[in-house]
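Heads up, there are several structures right after this.
One chain, chain A, links the two complexes that follow: it is found with chain B in the first and with chain C in the second.
Moving on to the complex of A and B:
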């Protein structure tokens, strides 16, 4: 792999580590944006230009901003004084280590990995549009439906509830 | 190590970091960030397999990534709405304090 790919991978992984380990949530969100940009750069180097720019639009542009807004709305922007880890964090770390060991072992010992490097594929916007409008038109429609339902659901969940309707529920 | 294996290892590391954060951190929003990192690792895997496959012109992995991104957008919107609703009810987003269903 080219040195540039290694640098991008290191930046991505560092961003991810900081996103998961910093104490202040706003800093975590910023580190997450760095990690997403790194993933987008890796997509570009893997000849998936459209996916790279979609990654920047969707993740850095929309999801990072959405998370910053959620931090704002839940008033969790300050650095917490108490511990930021759950009570059973060591079990989580142990499970993570096991998962990574198994994944790494599977990747390094797999015989299904092709040895030769195929030529760079062409994924022009025209090809992608053709595929989306012919072979994958039903999934495209369904994903549109899912997105609409998710958006309506999100608005309904986050709506301010009427106090009257809540008499039976736990408040 | 082949280029595909490098990509897969980077993606496994990214997945592990996201998983560690999602299961060890207390704040609900950080759990969501961890899930997003795991989804990104999966996307990276799909793109790598598409790039180094024998028939990349079929665009299968590529289209899968586009759909998975749309699903991630829907998931983030609903997840953050849930976090905001929980915050409104309980005045906290600390996951250790939200335990009504604990047996």
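Moving on to the complex of A and C:
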């Protein structure tokens, strides 16, 4: 394990822990942005440039901002007085530990996981682009269609239904 | 000789590093490069502030700073010594933090602003062999990291607990998100033609000459439109007039950094200008041939001089625009981005595709120019039709 890996791992984990445990929701969202950046750095260490940059572009640049705005527009600025942990937190930890152990055991003992890893393929951005435009062109187009439909839906929801009512807003 | 001067920084770096043992060299060269960026661009920033104040002064029919030169002498340097006292003043000012502010986030925001801005410099080719981190996906890196600035703007606006700060941050983020789309779409055309996201390769593709004129992308129909869209979007991304709504002094004081003072304010100022330089550098790299010279008989001028000259020329245009144009309204800002620039950028992508597949003769110039011109006229006329523009009638001030 290289020191860079340890640093990014610690930063990512700390970001994730703070995202769960801080009281102020905006702080949680910012801590989550830190965790996302850590994941991006992890991708870069694996030489997966495209995945790393896309992680920053989509998660830090867009999703973190979206979450922060959603918090800002829906809640007042007060932080809750009581602790974020419920009284039964130890039961939650026990359950997660159990699930983690079982899943880990199942994955490690499964025959589907190859024991000796194959050589890392060279995934340049050009290769990814070629694959997206040839082999995976149908999924790509469908995703595009779904996103367009979602955007049109959002615009329709945001539109004012009654035209007569908005005379105050226009000049 | 010209070659030596061209590669002077690269050679100095090699010479500096050669004193160290083999194992330390990559680390040392990285540190020297970081120091280089931290030295050169803040210096250009400080000179630009004087340049801007003097330029704005001239446009507004006054002198601007013209007193401070070298201390204890009579040399005035036409006021270009002003940046030193300005910097000292910023350093010695009191750092006021509002009592209600979120202390940690308030403290971190200027730092978080500066980090992504400085990171974007790592992929820009400043000259021949002068790219610090030659990523395969350099353009994507630039756009991704540049997008992270929005987080810091939000942090600053939210943590100040001030309505003007929050309004400024809301405006800034809405503006940045909207204008990022035409910015990226206009850059996509270059990627389509070059077939690479690597900024060095994009420059190398433009480093050819026909009849002594360089193959810059701005000299093609799609490149010209792409460059103009990129230019407008980069004005908006760096919050410059006429897109300075996020920090409109006359409406919301200073926007998201209203509650910052002293050196934190200076950091925001620095971050904003460095971001402007970086995005201008990207525009130069994509459309204006990066470090290449426009005509073949001037190729003996060192590549980094070309880069800096082009950058300062565009900075001058930015200052010129600031001195001449009024600020847009919020709805005008959004209309321009979503109704005009976005469709034009999409049509431009189509035109770049046609340009790529048509034979290289006058016909493709004709077809591509006709499509772009038609789209421009239809879009412009269509949007103007609903505007009901006319003589302004003042209801109360007659």
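The rule is short, and it goes like this: the second predicted complex is superposed on the first by the 117 of 171 C-alpha atoms of A that agree within 3 Å, B and C clash if a C-alpha of one lies under 4 Å from a C-alpha of the other, contacts with A are read in each partner's own complex, and residues count from 1 in each chain.
One rule holds in what follows: contacts are C-beta pairs under 8 Å (C-beta built on N, C-alpha and C of every residue); 3 or more make two chains touch, one makes a residue touch a chain.
Note that the coordinates shown come from a computational prediction; the quantities given were computed from them, not determined experimentally.
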**Message:** Looking at A:54 after the superposition, I want to know if it touches chain B, chain C, both of them or none. Which is it: first, second, both, neither?
**Reply:** both
Note to self: Under the stated touch criterion, which partner chain does A:13 make contact with: chain B (first), chain C (second), both, or neither?
What the structure shows: first
Of chain B and chain C, the partner touching more residues of chain A is B
With both complexes superposed on chain A, which partner does A:138 reach: first (chain B), second (chain C), both or neither? neither
Exercise for review: Kindly classify A:62 by the partners it touches after superposition: chain B alone (first), chain C alone (second), both, or neither?
Suggested key: both
On chain A, the footprints of chain B and chain C overlap at residues 50, 54, 62, 69
Chain A residues touching chain B in their complex are 1, 5, 9, 12-13, 16-17, 19-21, 25, 28-29, 32, 35-36, 39, 42-43, 46-48, 50-51, 54-55, 58-59, 62-63, 66-67, 69-71, 73-74, 76, 80, 83-87, 89, 92-93, 95-96, 99-100, 103-104, 107-108, 113-115, 117-118, 120-123, 127-128, 131-132, 136, 139, 143, 146-147, 149-151, 153-155, 157-158, 160, 170-171
Residue set of chain B touching chain A in the complex reads 1-10, 12-21, 23-27, 29-30, 32-34, 36-37, 40, 43-44, 47-48, 50-54, 56-57, 59, 62-63, 65-67, 69-78, 80-85, 87-89, 93, 95-96, 100
The chain A residues in contact with chain C across the complex are 24, 26-27, 30, 33, 37, 49-50, 53-54, 56-57, 60-62, 64-65, 68-69, 72, 77, 124-126
As the complex stands, chain C meets chain A at residues 102, 105, 135-137, 140-141, 143-145, 147-148, 150-151, 154-155, 158, 161, 173, 177, 195-197
